[in-house]
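Which chain is which? They are A, B, C and D, in the order written, and residues in each are numbered from 1.
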Amino acid sequence: MLKVGIVGGTGYTGVELLRLLALHPEVELGMITSRSEAGTRVSEMFPNLRGRVDIAFTEPAPEALKSNDLVFFATPNGTAMRLVPELLEAGVKVVDLAADFRLRDPLLWEQWYGLPHACPELLQEAVYGLPELHRERIREARLVANPGCYPTAVSLGFLPLIESGLVAPGAPLIASCASGVSGAGRKAAVPALMGECGESFKAYGVAGHRHLPEIRQVLGGVAGAEPDLTFVPHLLPMVRGIHATLYARCPPGSDLQALYEQRYAQEAFVDVMPAGALPETRSVRGVNQCRLAVHRPQGGDTVVVLSVIDNLVKGAAGQAVQNMNLMCGWAEDLGFDSVALLP
Amino acid sequence: MLKVGIVGGTGYTGVELLRLLALHPEVELGMITSRSEAGTRVSEMFPNLRGRVDIAFTEPAPEALKSNDLVFFATPNGTAMRLVPELLEAGVKVVDLAADFRLRDPLLWEQWYGLPHACPELLQEAVYGLPELHRERIREARLVANPGCYPTAVSLGFLPLIESGLVAPGAPLIASCASGVSGAGRKAAVPALMGECGESFKAYGVAGHRHLPEIRQVLGGVAGAEPDLTFVPHLLPMVRGIHATLYARCPPGSDLQALYEQRYAQEAFVDVMPAGALPETRSVRGVNQCRLAVHRPQGGDTVVVLSVIDNLVKGAAGQAVQNMNLMCGWAEDLGFDSVALLP
Amino acid sequence: MLKVGIVGGTGYTGVELLRLLALHPEVELGMITSRSEAGTRVSEMFPNLRGRVDIAFTEPAPEALKSNDLVFFATPNGTAMRLVPELLEAGVKVVDLAADFRLRDPLLWEQWYGLPHACPELLQEAVYGLPELHRERIREARLVANPGCYPTAVSLGFLPLIESGLVAPGAPLIASCASGVSGAGRKAAVPALMGECGESFKAYGVAGHRHLPEIRQVLGGVAGAEPDLTFVPHLLPMVRGIHATLYARCPPGSDLQALYEQRYAQEAFVDVMPAGALPETRSVRGVNQCRLAVHRPQGGDTVVVLSVIDNLVKGAAGQAVQNMNLMCGWAEDLGFDSVALLP
Amino acid sequence: MLKVGIVGGTGYTGVELLRLLALHPEVELGMITSRSEAGTRVSEMFPNLRGRVDIAFTEPAPEALKSNDLVFFATPNGTAMRLVPELLEAGVKVVDLAADFRLRDPLLWEQWYGLPHACPELLQEAVYGLPELHRERIREARLVANPGCYPTAVSLGFLPLIESGLVAPGAPLIASCASGVSGAGRKAAVPALMGECGESFKAYGVAGHRHLPEIRQVLGGVAGAEPDLTFVPHLLPMVRGIHATLYARCPPGSDLQALYEQRYAQEAFVDVMPAGALPETRSVRGVNQCRLAVHRPQGGDTVVVLSVIDNLVKGAAGQAVQNMNLMCGWAEDLGFDSVALLP
């Protein structure tokens, strides 16, 4: 059994990790930390875990953390980078679900996250944990930067077009995306009140969202040149789910359905739906799955790719467990025996 | 034109007051205060008011407040009682939408609200602003305690049974109620996050909710003895609306439909629906209306009364404007020319 | 492997059965029927089943159904009773998720369901499938009548009070309940449109709901006399979940918390929460669990029991699988290795 | 008083028309028809109208309809075109809220609506009722084709870019839009069940939505050439509101904020928000308003316009009343004295 610790377990990413790890056959949950809730039983805060997770939150003491084989960070941005070097040195593997190790360029990180990076030397080592792109490097990694939710949905949707060269490196791309409110986390904040976001819909972060440089880096790494990407996220009046509607110009002539099916034929967690399909976010609720559909409306030059994930699973905790499976040499789908909750 | 001020205008009660006063033909909005948002334009925080309310929040300076003819307090509990005596002395009329003047007994107030009352001498003068019960006293009042949302829905539902004596003073009463999340206000708090209360339902305050002594006082005042009331509120995964399902024992034989229709025949803001009706909260969305239906399931001894209001209108700001109309000698329905938004 | 068939698989109960059976280690899904959708792949209608359920709907031919070891009926009321006798005769076990075999009295059935019963002789043999009450009889049964969703939540909540005699047989009981809209099924009907039931709340079926005689029968069977039950269901603006708020008179003096804990100490699927707890429907979303909390507000004579289930799991398909496990001599919790989806 | 009739009043557009007309000072509601509900009181079906609309549905008899001065059609597509010629001949003005008179080309109409047009000779006379574009022609019109909901939001958002020539006639345009479920109407249909569309999000009509040719016609009429428009609508898990996120390429250099403010400076029902604003659908809930914001993310070549309306008001019934006001020579904002319901 792998001894696993979670740093920062009081948010939605934390409770989702706990749900998934409770069902994982090879994991023993060693500890879960929370500075503010130390002493509280986890199942008292999250009653869905009653009878399944029997431990209490503890202080995030570095020494104790080192007793784990692998540690997940489900902390706010800027926390993991202060603890990770010490853990790696002690031989502990790390999956960071925050953004600390996602951008390779420390100056870009500082620009978007507003503070200098605490361990820039690790940014080159850290592997960006999108298994469908970096599977082999993840298998060897000590430190995995778990992708953001929007970057996962957007990257998986654009990858075949870019890898195939059907869309030129510098061509304009548009990602019009929408997320359920659990993406905003579990911290007290007026904009995430149900009185504010219930029965309403709006765009946000149009001027610049932190997932923009992340998506640019992923797609740019594949294309060889940074894409001309416009990314507009929207807030949905619901709890879980991300939907990405992707637009690219690509002259008719190629069989996009075949392209997508071949690209993801071996991927357990990416489902290319039949031509004409319209994926719903609920079709992936609670599961580590991305469902894609590719359209060419009216046979024109604009391709529309639809991509859905559960922001807390394939967009966060599920992908983190998938990365753990790879890092430990297990079957990539170990512990994922579930079906999306529909309706 | 009546010059009106609002103290504490950044919450849902405040914005709803602004919406209603913007449509009122006899009111000039003099000022709206907010310590934290002084200087911010009201319509910047609440874009529905763009083009309708053109002022900015100001500091709640007592001298400035005295320049109004009437002041609404839309503040947290315990704020109004510190300012009201001075305003009354200056000849300003006051409608308090918080709980400061709702309970007549200062010890009971202290017990439920956790701090000593700052002006207990005003508790006897203050009129409990349920026009359907205290209309004449409200007309003469300097200080009106605007009822709570649950107490409004529950009291209007039980009144005919109690006033008629069909339900004996000490008999057990049950009020099983549910509210949209706007009832929790617009302050940052984890339990009101959409991630917490979306797609879920639960009871709260079962051990004791502050509206319990308030309802007891209203019904007890009518019955001549405190009722044996069990009050269980629940939180609905929606924004606006209160639904009260009321249960009382009352032997068959009396025509309850007629009783209710007669009791409220002259009331503009209470609508007794036909026998068998099932009022929906959306049927009163945005309007100052209570809709009631009375049932005797299976012809048995238990009477079921269904009562719906919009918690922010008849349960708060609308009733406050109704009280203002009475205090100013205007038609009670002045400024209320609207129709509920359905769907 | 047990060969299992499902009759009527296009509703929410059907897709939930498919989700649970897809995860069950001892079941082989032989067939799923639908007259209207014969030929359509199941995963085309329910994309959450893509990659998990690979069969298509077929016509409900009796001969084919007989090739199964066990058949679930997820059909409208009045369908199962026409096919069940033939299946039982052929040695097939049956779990009916509709109401056909829930009431023991054929006249009562006819009164509430509006047509004569097709096989009244089976009503005495059919076992009412509430394992927490009839476990031993279910183990021996050929035909199990799976309980309704409300009756499950209400019965589990009242049972300890009634079995213990703390509430007298004829005493008044109130069940104020609320259900997500999936309880109304997946058939096209105006009242279940999101435009009708979104952002609103209402009572329904106050004059008489079909689950009333069912609950009366369960509780009456335990008490030895029919209870004086008032049952008021309400429709919640959400998809999944039932919440029952139960009221009974019971003089202080007994330790209700201990009573409930002892009653359900051995039950894997009933969780008595700590004193003071307020169960949320989301804490059981997707799992075969009932969570209960018992309160005595203000130390008075009225006891309040809160009971939550997922209407599609413990209230339908999950309980059906639990019954199948018992009928087959398997561990009662076989195939239920999951954690509720929160948030 | 203008005598007004409504044909087809049982849908959401119908009840919204009734709400608005009940508040209109110059209108007398003469009749409202419904073949299926003839005899039913309107307020029985729509309890928000209790005390405000006192008539019952009647059969849609042409002779009776001719007794009105103006008739609104709130019927399914293909109905109005059978009755309109006769009404016009009788001197009755008509506003059709369906699509019968929106497309000028009868062959295009037949292609998208699946049946031949019944009075193609009227297609040239009918004025497309977007007052911000065709105000003067609407004033003179006998027959106004009230725009679709998406076309209203999209056209108002793109107009300044196209009229100004900043976006070239044939340039690619993207309209990524989302609508609340009331846009699907009030007819029983599985996809509009709350069990289907609650807590989920999806695109629909990607291959071709009937509003596509309508938007193309509007924008093409302004540009002088049909635009290369990609239109992807999505279904929101909420009741009211449309949000359009519009993308166009337009090299930096022009002051877009000034362009938009000037274009709509005289428009009572179009509100250009300050630079950087993010309009929410709830900010127009219940009112005849379009709120716009224009962005140029990262100072790049892609312009993003955000446009929100209430699909039932500015997207349907409100715009119809606005058109009526123009056709009758009244102030354009007569009867629109209300404020959006927020929260």
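Some notes on this structure:
In this text, a contact is a pair of C-beta atoms (placed from the backbone, for glycine too) under 8 Å apart; a residue touches a chain by one contact, two chains touch by 3 or more.
Note that the coordinates shown come from a computational prediction; the quantities given were computed from them, not determined experimentally.
By count of C-beta pairs in contact, A-D exceeds the other of the chain pairs A-D and A-C. The greatest centre-to-centre gap from subunit C, using C-alpha centroids, is found for D. Computed from the mean C-alpha positions, the centre of subunit A lies at a distance of 36 Å from the centre of subunit C.
Subunit B has its Cα centroid 45 Å from the Cα centroid of subunit A. Work out the mean CA point of subunit A and of subunit D, and you get 39 Å between them. Of all residues in subunit B, those touching 2 or more other chains are 12, 182, 186, 195-196, 198-199, 237-240, 279-280, 282, 285, 343, listed in ascending order.
Judged by the touch criterion defined above, the protein chains are all mutually in contact, each touching every other.
Chain contact summary for the complex, subunit A toward subunit B: residues 12, 181-182, 184-190, 192-199, 237-239. Contact residues on subunit B toward subunit C in their complex (touch as defined above): 172, 174, 176, 178, 195-196, 198-204, 206-208, 212, 228, 230-232, 234, 236-241, 243, 245, 247, 249, 276, 278-282, 285, 295, 297-298, 300-302, 304, 306, 308, 343.
Within the complex formed with subunit A, the subunit C residues making contact are 12, 15, 19, 22-23, 46-52, 182, 186, 198-199, 239-240, 271, 273, 277, 279-280, 282-287, 291, 312, 337-343.
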